[in-house]
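Letters A, B, C and D name the chains as they come in the text, with residue numbers starting at 1 for each one.
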Amino acid sequence: MKLVFVQTGGTIDKDYPHTTKGWAFEFGEPATKRILEKLDPSFEFEVLTSCQKDSLEITEEDRQNLADLISNHEGDKFIVTHGTDTMSETADYLSKKVGDKLVVITGAVRPERFSNSEAPINLGCAIATANLMDKGIFIAMHGIVKEHSEMKRNLETGKYY
Amino acid sequence: MKLVFVQTGGTIDKDYPHTTKGWAFEFGEPATKRILEKLDPSFEFEVLTSCQKDSLEITEEDRQNLADLISNHEGDKFIVTHGTDTMSETADYLSKKVGDKLVVITGAVRPERFSNSEAPINLGCAIATANLMDKGIFIAMHGIVKEHSEMKRNLETGKYY
Amino acid sequence: MKLVFVQTGGTIDKDYPHTTKGWAFEFGEPATKRILEKLDPSFEFEVLTSCQKDSLEITEEDRQNLADLISNHEGDKFIVTHGTDTMSETADYLSKKVGDKLVVITGAVRPERFSNSEAPINLGCAIATANLMDKGIFIAMHGIVKEHSEMKRNLETGKYY
Amino acid sequence: MKLVFVQTGGTIDKDYPHTTKGWAFEFGEPATKRILEKLDPSFEFEVLTSCQKDSLEITEEDRQNLADLISNHEGDKFIVTHGTDTMSETADYLSKKVGDKLVVITGAVRPERFSNSEAPINLGCAIATANLMDKGIFIAMHGIVKEHSEMKRNLETGKYY
């Protein structure tokens, strides 16, 4: 099995600025790399970057670029790390473009850099989904894994279910 | 969805002794609790303890106790944390006793207490499996999830594949 | 020995917003509390909050409030956690108001919530200083502890020396 | 300022065995290296190994080797990481051999590999002591830093004070 991990940005990859007088986050290398180093997995993988954006700033062009990356890649199983606020929009977009491949979208509520981040658990959920499913667009968040059109979100708490 | 997590011991739950002059590990509360606190999951769950043993010391009686716990419980989806050395033996045993329920066996190469542990990733793999499968005995380790009879292990490196 | 820890904000205490659609950091409870829980110290302590601000936003009024807190408190050894950009200004202010007590100012380059934060090391430096010195205003950063008027900062790298 | 860190073993450096069927800890590279990487200190340093032993197994020969290492080294400020059970014995030995240099002995109750270890705080205490003191043999544990002959230990809780 070979998995292709694709970074698009989002909370999971937010890091602290290295410059003085910084305040907001900045995006660093894919957190996926650090998580996979801990896992030392038995599957083959590569880690790519499609964009590095907060999910509220992802445009249709970004989504098309992501769809193109997936379509043009020889792989058939993709795990996309993504900001939590527009996962469903990206999933819906991809379902019309690359639904014959397997794509699992995940992310995190707290940056992977945080010691109390749930990013490693979420990535584990995505990896298992890639083991067990053959095609379709899935979302994995808050311990729930569903085909994207069945995933719901509590807009008050932000939790998927 | 409701998941039942069952502790049997193993590396994942090894903690450092609190007494002076201690050397070897001792078993603490289920690491699952700390991981689920980070996840803040949308599913319901409970965390039970069947035994607290290194997997090389698990006996047939321990396995029968575990099978009984699962059989007698009203739940139908179980995640069993277990030492890495005899996961297959326990899976094989359970398959003859409770194969009509879903059981995912997982654990860790390094204790969850370690900052470089892969336990949260593995538990994520197990949780996703419980989302996607209805019955059978699965093992989730090293990023691989398979029905237990298909899982193999490299005895030199200890890695499942 | 009794130590009084005083929070003023700064990077060390930045936490991730719990709301959806958040971007920048917000201040949480003093990171000092989490660090002291790990240390399980033999000294007595209390943890107070003077303000919760980025150090560039600390005003003279904030500094006077901090000086008042220290002057009016019965304790004589204080560790102030503070943003890294204006530590020297606060130290200079305090030296004119409370120089007969011991104050150690410290903070962190990365929030304590980060798994790669140096906050626990810095707080350790401050605690040792409180053990060894009787009065004066000290700064502890980047492994260097000096009476505040002798501390210098490389404005390009942000490092104290 | 230049500091010389010397590993002798002890809980702080205990790591999990990489082999299968391992149970007890094994000693890895000095935890000091990982802590200093987080600190990114402004002082110069080197990290040496004198031995890798549980402190109950340290012999007079080990202590003489450590004393020789310190005596023969051109540096004058040393931080020795050491098991918690015989810190005072080693300190006493060194005081008769190298008391004209500065030696700070520290360690940890939980291995630095543990996410709840207090090792970084303790090392911070030792580093500050090396900043502020010129000579003598100190112990830094549980947030207390004292000249070694003044340090006491509660034998029931294991805590220094």
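One rule holds for everything that comes next: a contact is a pair of C-beta atoms (placed from the backbone, for glycine too) under 8 Å apart; a residue touches a chain by one contact, two chains touch by 3 or more.
The chain lineup, named per UniProt: A, B, C, D = Asparaginase.
What you see is a predicted model, and the numbers here were worked out from it, not measured in a lab.
Trainee: So which chains count as neighbours of both chain A and chain C?
Mentor: Neighbours common to chain A and chain C are absent.
Trainee: If you check the contacts of chain C and chain D, which chains show up for both?
Mentor: Of all the chains present, none is in contact with both chain C and chain D.
Trainee: For chain A, which other chain has the most distant CA centre?
Mentor: D
Trainee: Would you kindly tell me how far, in whole Å, the mean C-alpha position of chain D lies from that of chain B?
Mentor: 37
Trainee: In whole angstrom, how far does the Cα centroid of chain A sit from the Cα centroid of chain D?
Mentor: So the centroids are 42 Å from each other.
Trainee: If you average the CA atoms of chain A and of chain B, how many Å lie between those two points?
Mentor: Spacing between the chain centres: roughly 26 Å.
Trainee: What parts of chain C, by residue number, touch at least two of the other chains?
Mentor: If we look for residues of chain C contacting two or more partner chains, we find 115-116.
Trainee: By the document's touch definition, which label belongs to this structure's chain graph: line, ring, star, complete, or other?
Mentor: Ring.
Trainee: Let me make sure I understand the interfaces: which chain pairs count as touching?
Mentor: In this structure, the chains touch in these pairs: A-B, A-C, B-D, C-D.
Trainee: Tell me, which parts of chain A touch chain B in their complex?
Mentor: Listed in rising order, the residues are 1, 35, 38-43, 109, 115-118, 120-129, 131-133, 140, 142-146, 159-161.
Trainee: Touching chain A in the complex: which residues of chain C?
Mentor: These residues of chain C touch chain A: 11, 16, 19-21, 23-25, 54, 56, 84-85, 110-111, 113-116, 155, 158.
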